[in-house]
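Before anything else, here's the structure in question.
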Amino acid sequence: MARSIVSEIKRDHIHKLIADGKRVDGRAWDQVREISVQTNVVETAEGSSRVKIGNTEVIVGVKMTVGEPFADTPNKGVLSTNAELIPMASPSFESGPPDENSIELARVVDRGIRESQMIDLEKLCIEPGKKVWINFVDIYVLDFDGNLFDACNLGAVTAIKSAIVPAKANGLGEDYPMPITCTPISVTSVQIENSILVDPTLDEEKVAAARLTVTTDDNGDLRAMQKGLSGALTLEQVKTAIETSRRLGIEIRKLIG
Amino acid sequence: MARSIVSEIKRDHIHKLIADGKRVDGRAWDQVREISVQTNVVETAEGSSRVKIGNTEVIVGVKMTVGEPFADTPNKGVLSTNAELIPMASPSFESGPPDENSIELARVVDRGIRESQMIDLEKLCIEPGKKVWINFVDIYVLDFDGNLFDACNLGAVTAIKSAIVPAKANGLGEDYPMPITCTPISVTSVQIENSILVDPTLDEEKVAAARLTVTTDDNGDLRAMQKGLSGALTLEQVKTAIETSRRLGIEIRKLIG
Amino acid sequence: MARSIVSEIKRDHIHKLIADGKRVDGRAWDQVREISVQTNVVETAEGSSRVKIGNTEVIVGVKMTVGEPFADTPNKGVLSTNAELIPMASPSFESGPPDENSIELARVVDRGIRESQMIDLEKLCIEPGKKVWINFVDIYVLDFDGNLFDACNLGAVTAIKSAIVPAKANGLGEDYPMPITCTPISVTSVQIENSILVDPTLDEEKVAAARLTVTTDDNGDLRAMQKGLSGALTLEQVKTAIETSRRLGIEIRKLIG
Amino acid sequence: MGGNSDMKLIDENGIRIDGRKVDELRPIKIEAGVLKSADGSAYVEIGKNKVLAAVYGPRECHPRHMQNPAKAIVQCKYNMISFSVSDRKRPGPDRRSVEISKLISEAMEYVVFTENYPRTSIDVYIEVLQANAGTRCAGLTAAAVALADAGIPMKDIVPAVAVGKVNDQVVLDLNKEEDNYGQADLPIAMIPRTGEVLLMQMDGHLTQAEFDKALEMGVKACHEIYELQKDALRRRYAIVNGETEEEPKEPAEDVNEEA
Amino acid sequence: MGGNSDMKLIDENGIRIDGRKVDELRPIKIEAGVLKSADGSAYVEIGKNKVLAAVYGPRECHPRHMQNPAKAIVQCKYNMISFSVSDRKRPGPDRRSVEISKLISEAMEYVVFTENYPRTSIDVYIEVLQANAGTRCAGLTAAAVALADAGIPMKDIVPAVAVGKVNDQVVLDLNKEEDNYGQADLPIAMIPRTGEVLLMQMDGHLTQAEFDKALEMGVKACHEIYELQKDALRRRYAIVNGETEEEPKEPAEDVNEEA
Amino acid sequence: MGGNSDMKLIDENGIRIDGRKVDELRPIKIEAGVLKSADGSAYVEIGKNKVLAAVYGPRECHPRHMQNPAKAIVQCKYNMISFSVSDRKRPGPDRRSVEISKLISEAMEYVVFTENYPRTSIDVYIEVLQANAGTRCAGLTAAAVALADAGIPMKDIVPAVAVGKVNDQVVLDLNKEEDNYGQADLPIAMIPRTGEVLLMQMDGHLTQAEFDKALEMGVKACHEIYELQKDALRRRYAIVNGETEEEPKEPAEDVNEEA
């Protein structure tokens, strides 16, 4: 179905535009769609955020409970990231347990947060080896128009930043803000006809050969990367995508404050 | 398959009879099929019952174990009701985990028992917050000829009434009868061609537009209701079904003693 | 697919040979294919073995952890046997949880080990009722050319024999060898055209009417049996299969030392 | 139902803990056409409940054996997102949501002209973003608006509301505290114009007199909600502004903002 | 098998704890045609075991890829209901019941004339209502009667029984205590007329001499059970009363009473 | 990544705990054609990693809705067997292996001439027998050899290796200790001839300069592994001995010995 006649025409159209250095929606190759972020949208969560990048929309909630640490990190809180591609968001999403797409998505978002040490997990230790804060970061995609990696990263990061540790309700003193050390931002590029385009729409993703998601920290250092799709990238394209991510990361960090 | 030619003929036949105020098996609109109840049929269960309503047959067992109470009801025993529509009972039932039909069935039966407070769950507390009796009420449908809601309600209620708390085997003193406060009875009506019929057979259920199950307590008060099927009921039909349930509930309560 | 024209020809060929008292690969009816056993092939396991019988190949690992005993055997270690028919091994194996074939396989292997009391489970008790050694015997079939029962039995038995109890890593004193009392060996025969053949190849299994696996202990006594496939065995055939298993068991026990 | 609690939830002046009278609905906000990918959608807030509904279809029915050669099937899936409740809910359907999905599907099937679309499926996805008692009614209310937004022919729009019993009084539209410590809950969905009941459940303890009163209160409230549903659809198609030509599938420029 | 227990299960006179001799079966009751919806059915009690079997088919085989163009497939599902054992069993198949279902299916496939019904499935459902050792044999015994009750052409009726070893003696038809503390268990199903073995399993410890004795005892008991199976079917069709015309699918008026 | 650990993993002479230099690979052994049933297979050891890969196909694609009328699909399943790691891993796919399977499938799809086999599936099964960091790269390396062994037309053989950062130094091919206490991990798969990157992941902390150095080191190592892959295939077909006629699907007599 994805390869119907209509989509072939669309594919040709996108290819032709790109050959002329243009995109369907008129953006520059390194221009991100309009971003909107709304935090604290769900009061049953410790932190939450609703993010739109163009027509792609996600809602993210952070729930915190007291639990046991992992045996190999007895003095650290626990982070668990989950993504749900619910059928509400797209005719191509189906009900059921996470498939390979939502698993990859959640794991890439998780790595950006985890490897940048965004959350100071040691500050979320209550009693070493016994009690720590468990953070469930649950991502629901509500409307799908491409580039879920960046929308979900941004949703997760802003939801985490908005979270308040529910110490009081757990008999552990006063509530306090989530301990944050930095703001990891991912920027995803795709390769189409040997051009690199950031923040692809769904139509662009459908014709893309390869994808590269690059997550940088406040210093512009690399914290996570993920190449996807069954095409190849040249080393030059990889470096372009990294450079672009670093540059746009600074802008997006400013935007979300 | 359900809509084969044969069933269309059957459907027309039932419709015509109802238009004349008659039913296929000659019953009055508010007449329940013959009921038989046999308790203590399985000695490995704390309580058990085998119930037939017409050709519909179910077997119900109550198993009791010592376990932890729910956090929000630390001084109450736990009730868990489960229904299995096993393929033995009907060519239309399939193996596998409970589907929406058996889940609805179990939940409606559960609500009748729970909301009428039939079992005095506080008397099933052993040590508040720590140890209580867990009651598993497991319903197996053996032969399916319509009106499972009432057959399963009756099976569950009579199995519970026959149960002996296995205190001795658990080192908790002498055995004693399940603490019972009342006898919730459900009566189900269906709407066919704007007529209300109680205790539908399978053939009647197949042509019914809407279903209403009403569970009353010893005082005739309402304890649970459930409307089903994709047809509508008028407010008048709802009231007729309630009134009928209340009246027949008294008779059935007498029957089972 | 299994009943394609090619396989019908193969079937006829095998049948004809058997009528002449011959087998496709020239073996005698009571001759086992070449056996090779390599132990300690995986150093992350407490014991391991890679076994080939003809072209059938399995790898087995024994993992031991400290855990709780079963309530009815408080002073005994625990044995858990699992078999995975991974799609690597055969075009007919599929991904997914164990199906009826791998469940039967694991259970028959388990019974041979358990019922012969090969492992002295009482010596694997650390603290009665609280802490015992849990033995996971995990069997992976890597290459499938018939007679999985015997290949898996041999893999499991040799892996268990090679296992070292990891006491030191668990703070329980010095490591010591798995306590072994005997060596249960299974020998499987099939009935084709009223002939009995041991150690069937895949082609022979496909045309076999019935299968009998017989596991004997060091004394030649019976410890486990399993008849399979939808054909029948005469009492005489059962006795032949038992007698053959006893005789070949002695040889195989010598082979593995 | 928690049964006869000692907790005082209605004061001597008949005012509830959130300031409402016994027959008063919580504040309601309904918006149609809030999602881009779905064929139809709606967002509903009832008090602190926040619910999204999306419709896809009529479309090819999968799996095939569920196809009906005579009509479309209506499949509603009600789901609470993991952080919509105090204790995190594991993703995936639980028994409660399976039952609710079944009941909402049955109710919706009655109003959709399913004969128009044989062999197809009309899929309705209801996601509870924030829950505060009454989510099945909020979800059904949203689903009905989303179906209309998708341009699917229907007998009528369906509103739903729960009536309950608290401190021995019949009260409308229970909030979370009233639900936790209340004595009865009676969710109802109906076609207000004809008085046809499409969904009805009850649990707790009601005398006949209480039931009659509750039913009356519920019917009245359904009329109110029905008007808000129609308002939302009118706003969506800008009928109030005389812009009746607007093509349903093209959302107004700023419609997405608030959701 | 619990192995060599000190528990004395057979007294000096060779009498077992339930009063039986070593080669004596428990009381057996077999009834055919006990369910209305199924195409065939049977109820079997062997000692304290209570087992129901129901047959549906030959009917269209689902899923299709399991169809055999040359014959019917026989699918038996053995299941213990949750309250049939001392500790509640979670509903759904466990590994033990998967294995037993496979073995009973294979045994039954041999006796059914499957070539008569290509592409179909003959489904046999065995539900253990109360378990007391020997349920797989009781289930297979019931399944054979239910298949005959369904009018499905078969080579013969199949009986099954377990022989075991207790206190170093070979004994017939172990009960629960004997099974728990016994030394060996040998379930057998066969066609008594031909001596063909259709199911055979063994676990525990048997010398060749013990096995031979057990086999002999099992064969004899299978003959006994076989007669009881045929009796049940005769009663079902009232052959004893000369009412040989009776149509198999119409159960006798009072047949359902006792089950 | 464990982050900045105090553990000293590289000594003052730049020698690592297993005796390697920072840009040195672990010992590698590659063998093609080690299984009989599979259409192609390979066994790879990289340090203490032991990995098997098997290929089936091109064959009919199941389920059908996954078929592509224009080309074959390549489905790689990466799996760790339960005893390949210190703590027993429950059989069945976990989230990590699902992700790795997806990435390896995508990488392999690029090099296979999938247009040659429309509607089919090429299935690659990777089983990690013993794990010691770098299993996804070892698995991909094995998969590429197995695909070639199966005679499936490919653009080129694909090698893979991970580069990492340990004690603030960029190092090649991390072993388990280095992986546990390291600061970054960068697995790469590429076509050495063209410099095309087919798999790239990264986690940890790398500056741009470190990344550039790591990439350079990885590219060089991929060339080395590529030569070993080709060697294995040459040995498999005995090209070195001039026996170029040998039919690929008939393994050499003694090829199975070592695996």
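Note that the chains take the letters A, B, C, D, E and F in the order they are written out, and that residue 1 is the start of every chain.
Basically, contacts are C-beta pairs under 8 Å (C-beta built on N, C-alpha and C of every residue); 3 or more make two chains touch, one makes a residue touch a chain.
Please read these numbers as outputs of a predicted model, since none were measured by experiment.
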Chain A to chain E, fewest steps along touching chains: 3
Remotest chain, chain C as reference, centres from CA atoms: D
Taking each chain's C-alpha mean as its centre, the one farthest from chain A: E
Separation of mean Cα positions, chain D and chain C [Å, integer]: 58
Centroid distance [mean C-alpha coordinates] between chain B and chain A, Å: 49
Centre distance in Å when chain C and chain E are each reduced to the mean of their C-alpha atoms: 28
Chain-level touch network, classified as line, ring, star, complete or other: ring
Chain order around the ring, beginning at chain C and proceeding next to chain E: C, E, B, D, A, F
In the complex, chain C residues that touch chain E: 3, 98, 100, 103-104, 106-107, 111, 114-117, 212, 217, 220-235, 238, 242, 246
Chain E contact footprint on chain B (complex, rising order): 41-45, 48, 52, 55, 57, 59, 61-63, 65, 82, 84, 86-91, 95, 97, 136, 138, 140, 142-145
Chain D residues touching chain B - in the complex, by the definition given at the top: 1, 3, 70, 74, 95-96, 98-99, 101-103, 105-107, 109-110, 186, 191, 194-208, 211, 215, 219
Interface residues, chain F side, partner chain C - complex: 35-38, 48, 50, 52, 54, 56, 59, 77, 79, 81-88, 91-92, 123, 125, 127, 129-131
